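One chain, chain A, appears in both complexes that follow, with chain B as partner in the first and chain C in the second.
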Partner chain A sequence: MTLKRTDVVIIGAGWAGAILAKEMREAGRSVVMLERGPDRATAKEGTYPGSIDELRGAIRHRLFQNPAKTTVTIRNTINQTALPYRQLAAFLPGEGVGGAGLHWSGVHFRAAPDDLRLRSHVTERYGAKFIPADMNLQDYGVTYDELEPFFDKAEKVFGTSGEAYTVNGQVVGKGNVFAPSRSDKFPLPPMQDVYTASLFRKAATEAGYHPYALPAANASMQYTNTYGLQMGPCNFCGYCSGYDCYMYSKASPNINILPALRNDSDFTLITDAHVLKVNLDSDKRKATGVTYLDQRENREKTVEADLVILAAFQFHNVHLMLLSGIGKPYDPVSNTGVVGRNFVYQTITTSRAWMSENQFTNQFVGAGGAGVAMDDFNSDNFDHGPLGFIGGSPVWVNQAGVKPIAAAMNGGGKSAPRWGAGYKAGLVDTYRHSLAMDAHGSNMAYRDVYLDLDPTWRDSYGQPLLRMTFTWKENDIRMNQYVVGKIEPIMKALGARRYELGRLEHGETFDTRRYQTTHLGGGAVMGTSPHDSALNRYLQSWDVSNVFVIGSNAFPQGMGYNPTGTVAALAYWAAHHIRTTYLAKPGPLVSL
Partner chain B sequence: MPTRWAECIIVPSGEQVERAFVFTPPLCQRRCRFYSLPSACRTTSPRKAFAALKLDEKPAFFSPEEFRFLQAACECIYPSDSYGPGATALGAPVFIDRQMDTPYGRGELWYMAGPFQDGPANLGYQLPFAPRDLYRKGIAGANHYARAQRGKGFADLSQKDQIEILTAFEGGAIHFPDMNARLFFEQLRRNTLEGVFSDPVHGGNRHMQGWLLLSFPGARADFMDWVNQEGAAYPFGPVSLSGQKA
Partner chain C sequence: MMPFKKQVLTLLGLLGFVSQGFAAPAQANSQQSLIDKGRYLAAAADCAACHTHDPSATYAGGNPFVLPIGTLYAPNITPDTKYGIGSYTEADFANALRRGIGKNGKPLYPAMPFPSYARMSDADIHALWVYFHEGVAPIAKAPPTNKITWPLSMRWPMTLWRWAFAPTPQTALANANRSFDSAEIARGAYLVEGPGHCGACHSPRAITMQEKALSSDQSDVFLSGGSPVDGWNPVNLRQDDRTGLGRWSEDDIVTFLATGRNLKGSAFGGMSDAIAHGTQHLNDADLHAIARYLKTSLPARKNEKPWQLDTSVTEILHKEKLPDAGAKTYVDRCAACHRTDGHGYAPAFPPLAGNPVVMDRDPGSLILIVLKGAAVPATDKAPSSLTMPAFAHVLSDQEVADVVTFIRQSWGNAASAVTAADVHAFRGRNSEWINEATSNPLN
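The block that comes next holds the complex of A and B.
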């Protein structure tokens, strides 16, 4: 069955989809938004106290994608058989209205200028020979200065709390000294430092580093955003990551954008709609709409549209492109094709300090986006010349609120018993008196790390699963080890009773069983050439010009920062060019 | 700013329903450092949420013999000691029993389509068994192993013997007919700790003694006054989702 034609169809009701929907409605276009999961409203299921049940929430995955319907297969190397990711663990995509933007933590960064043109920057500073032969190091094709107005716009929609360092080139505050200049301050003052973050701030300063308040899309005060939507002040309840924020303090599409659309008669949100493919015309140069499965009626439906926006989670966008035949699939052997190329993730390792027994770290107190970070070893803020690796990591104390089941699984540290005699002693000491510190780093792209369709396993809709070929590479392991080594002086300045440093080890393979981050990227990257990117610098498919693909799939490599701030800015950037150029004259925004 | 919140707990179908009215004090009072009431909650009309919960209640999913295994094994994983009661007194076996009849227990939260193929451990779980099948097969395997090695079913052995057996399972060298014993052990450890530390509405963490051990304040979830108290211990005990205090 075919629905009434619409101007724009948007796949996915997360941040990218909500931003594009709002922008397209402001441009006067009718919008149909398809979301595979259920509708979700903070006023209904996000209320206190039902929403803060750890078992139902982070443990049984109330807001995460259910892999029973569709998942991915994973292998480490090209000669292995990839096996299904049957239990969510390493990464946690969202499902339902809000997507991962409902259960995220709220750390809200702007990409570092050097990271957006990393190949050019590394070549200029260290020479082209510095780049390993198997590393697909690339530029985004857009600069920080071009994106700045859109970073600013996103922060004012998200109600981001933070402290600027420079505005229009003038030093205005005690923010991150490595951050680029801004056109305006953050819309809200920084979140208060929790106790452990204040300890980190002091110790990092003593160690000679430059700590700053993490930019947080957690409201430090009451806020009314660009769209007239309200946020309440964060009370540090500790239920950000994995939860929906009963305080209306953590930005989400559900409270910061969608309420401005829900009563609009030219905006139609269809939930429980699993998109099967984007329909193309016979020569595969133009999309005609999308076909989805209405899961309530168990019936396929088609929406015809002039413009198709893929705004699902990173790997779902890539999956849909492969299923639909948008762009040429990447082949790592012949090194041809672009869809699936430059699949990237993030390195993350956690170190821990145990403070004295009269220092209670109250780890249940927290906010997902808040904390204190330092960028001394992130991006290219330090000389990589003698080190021989590319990339870096911010280091931070980001106490998001540690709940008891999660704490119990981790127990008392590497040397403590995991169960039985001695387990409780280690757990209690760790929960009451320790603090965690992350090195949250970059991950470069490699020729044999990529996404394609699995030859064996299928989803419940009968379509092939997406296959991930991914493992850790020496460049990134060495980067992580270097940065973690720089944590040691902080541990000493903290006066920790004891500490453990967490790091990647040489030869370590990616382990799907342990949560790392949900910051997956690449696979359909933006760039300057259709030979090494699937999208042009406006996130428009090089091959099918009425398809735009919005998300971290556009990142050519994984950055040290959390991706959402850059995804939001890229969404507003793409929307701006659709509004100002594309809609008047549909066609490629970059001609070859 | 709202000064008072009064809400009913929304509990999805299939879980124990409790209703409670929970009040947070006005913001001005919450900001006062030494506000005398517990900072998140006062409960009106508290119900005896757990009066009906008996530790020896007849299990719904497990047979009596299986349940005896669970009681013994959970207790080894999280024992009664000078820190407080163990997993059995906290209701972890009851918790696990109830979990078996949830979407999780039935394997509806896992990708369960074939083919099923072995692979390296770091690629994760690859068996065709839902949690309820893992328990059924795992308990049978463990009891069989206990009888073969020590002459009695697991629950009838001394705790010392039980610990040695679980240690062997954890080590990965023991194989049951359908699975490596380590996999079963990890499932048991995970669910035992979930039972000890989840909200009592799920059947474990009786009297919130799991949370008391950690000084976790439960559903208070409002720490505006305690963002940074320079390392002082948080002074208030836990509150459950249903509004009970320890």
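The block that comes next holds the complex of A and C.
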């Protein structure tokens, strides 16, 4: 069955899809948006108090992908046989309208200028020999200055709270001293520091570091965004990450973009539509549309379109490219092909301080995007020359609200008993008096870390699963250990009764059973050459010019910052060039 | 300003609309601009609120009116010749709108606000007729049959009702042309009393169901609040300080009608439909005219003490003390959005301190909103449909009574207390509305 032809078909109703849909409608193009999961209304499922049911939410994965239908397979190294990721744990892809943009935390960063041109920067500062042979260090092909207007645009749509350091080169506030200059302040003032964040701010300052308020897409005040859409102010209830925000305070496509499209007759959102492949013409140079499974009718349907936008989650975009034959699949042995190359993640380890028994750390409150961070050991803000590794980590207290089940599973720290009276005492002590801080760092790309189609396992639709080959590498382990070592002076300045430092250990392999972060990246990266990137600097497929692929799949390296702010800016950047150049004259935006 | 002469106003009523309303007068002759004018008037008259039930079948009727005498269904008013009004002549159409007489001579139930429409000008009726014949798609669909049992199903008493209570178009038009302080206020009066038929909900009705007043010159009860509609209690739109719009500025009213929300409150209940289908489509000049006209009214209750913010409850709550059970429920369930100081976070979350809805003599709307929740209507200028959750299955009668009383008596609000028995009776009386499956807006 073939549906009415549309100008633009967009796969995925998360941030990237919603941004592109809005931009394409502003350009006067008809849009069909396909979403694999159900429609989601905060007013319905996210309504208080049902929305803050931890068992139903974070534990039973109310807003997440159902791995019984489709998932990925995972192995650590190239000579292993991968197994399916049957229970969500290490990372949590979203499903349904809003995607991961509905269940995210809200930390809303702009990529650091050096990170966007990391290969050039490292070569300039430390020399080309500094880069390990198996590391695929690359530039994005777009600079901070080029992206700045789109970072600004995204913040004004998201209602981002934060404190600027410099605007147009002038120091205007107490923001992050390492952050690049901005064209405007944040649309909302920073979120207030919760108690633990204020302790961290003080201790980090005493330790000689430069703490700042995390930029948060949790609204510090009521806000009306660029599209006339409203947010309520955050009340620090602590149910951001893994939940839909009943206060309408956490930015989501559902709150911040889609209401401006839902009454538009040239915008069609089709839910429960699992896209099977992008259809290409006979010479595979042009997409003709998309075929999806209507899961309600259990019937395949086709939408024909002039322009196809892949805006699903990072690895779904890569999966669809591989299933559809868009671009050449990456082969690590021959080191050829680009789709699946530079699959990256992030390093994250948590350290904990136990404060005195008259200091109650109130960990039940919080906001997913709020907290206090420091960038002294992020990006290239410190001299890597004598250290011999590439990358860095922000360090922060990002108290997002510790829920009861999570607290019980965490217990009393590494050395505490896992059962009995000792467990209970440790749990209570930890919940009442401790604070956690993370080193949330970069992860570089390597020749033998990649994505491809699994030769063994298929999903419930009969298609091969995407296979992840991933483990930790020495460069990133050493980076993490170095940064975690720099946390120690903060622990001392805090006056902690005791503390534990969390770090990656030498030789440690990726463990899928423990939640780390959902910040997966790469696999279909943007860049300057079709030999090492799947997309040009406008996120356009080098091979099929009427396909754009929007998401963190475009990141050549995993950066220390959370990805959403950069994904949103790249989405607006790509949309801008589609609107101003591509639509007038469809074809490659970068000629070879 | 010197009062305008009736003759001048008649002329303005005809021409003024054209010039303020939308197109230039020169275009008014063309068929398309008549259709546009008719579409605009249909929005001003909120025809869709009753005559569009299924959003995909505009004006095909079917909206139920649950009345003590039974259930009425709004008819199909598309130009379909069999199921709609396709066979109506312009005279038939005018008779239905202004006299409440259907094509077959059958009297219409006064759920159709013909006593208000009676004052609509010939030019406006003509534009509406052209629009409903040429600007609306015919839909061959019959609404459900009215469920009214004999003897009340007989239509002829309606004729007697009409003779007794409805103005003739002649008297209504004459009244519409009375003198006003400015052309703008005259325009506002025309919209409110005529096509807008605001009084149909917001004016009290006599036991025989007619509105006690149809225009501002007839009585100070005009727009002083009406009887419940689907459980909601239409508020007083007069200048009463506590229970009316006395503290709303002209711009507050304009913003409310254009977007469904302002810094003083948010729309709910039937007003959401009136805004979504109707007032949001009016131009600024007409919205200001309506606001100016409403600001000319006198309070319905002469001795209402002006509302003054009283922070004593806020101070108690800020000391982490809970003065009573209502305060406890309020802090647990309401304060996240409406705040302990009652100011809310307008326009996202409306204030309760000083909100006339909250201080209404009849606590019905406040009880219903607690039980059922409410969503702000999505409008073109403010597409967010922020939603308050329902507490009917969460709070007991006593808890609802306590929290409603707390809200009605805090921050300078001073309105009667509500008992658990009141809430129990209210639940019984309004079970249909409380348990109605609401189509949650996707927001």
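Quick note on the criterion: the second predicted complex is superposed on the first by the 591 of 592 C-alpha atoms of A that agree within 3 Å, B and C clash if a C-alpha of one lies under 4 Å from a C-alpha of the other, contacts with A are read in each partner's own complex, and residues count from 1 in each chain.
In the analysis below, a contact is a pair of C-beta atoms (placed from the backbone, for glycine too) under 8 Å apart; a residue touches a chain by one contact, two chains touch by 3 or more.
Quantities reported herein were computed from a predicted structural model and do not represent experimental measurements.
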| item | value |
| --- | --- |
| Contacts of A:Q65 with chain B and chain C, given as first, second, both or neither | neither |
| Which of chain B and chain C A:N362 touches, first, second, both or neither | first |
| Touched partner set for A:K424, first chain B, second chain C, both or neither | first |
| Partner chain in contact with A:M231 - chain B first, chain C second, else both or neither | second |
| First (chain B), second (chain C), both or neither touched by A:T42 | second |
| Between chain B and chain C, more extensive residue contact with chain A | B |
| Which superposed partner A:S241 touches (first chain B, second chain C, both, neither) | neither |
| First (chain B), second (chain C), both or neither touched by A:T564 | neither |
| Which of chain B and chain C A:Q222 touches, first, second, both or neither | both |
| Contacts of A:T456 with chain B and chain C, given as first, second, both or neither | first |
| Footprint overlap on chain A, comparing chain B with chain C | 44, 47-49, 222, 232-233, 235, 237, 246 |
| Touching residues on chain B, where the partner in the complex is chain A | 1, 5, 7, 9-12, 15, 22, 30, 76-79, 81, 83-84, 102-104, 107-113, 115, 117, 119-126, 163, 166, 170, 189-190, 193-194, 196-199, 201-202, 210-211, 213-217, 219, 221-224, 226-234, 241 |
| Residues of chain A defined as touching chain C within the complex | 39-44, 47-49, 97, 221-224, 227-233, 235, 237, 246-248, 254-255, 258-260, 262-263 |
| Complex interface listing, chain A residues touching chain B | 44-45, 47-50, 52-56, 59-61, 66-68, 71, 74-76, 80-87, 89, 192-195, 198, 222, 232-233, 235-239, 246, 355, 358-362, 364-365, 403-405, 407-409, 418-421, 423-425, 427-428, 431-432, 456-458, 460, 509-513 |
| Touch list for chain C against partner chain A, complex | 336-337, 345-349, 373, 375, 378, 380-387, 389-390, 394, 440-443 |
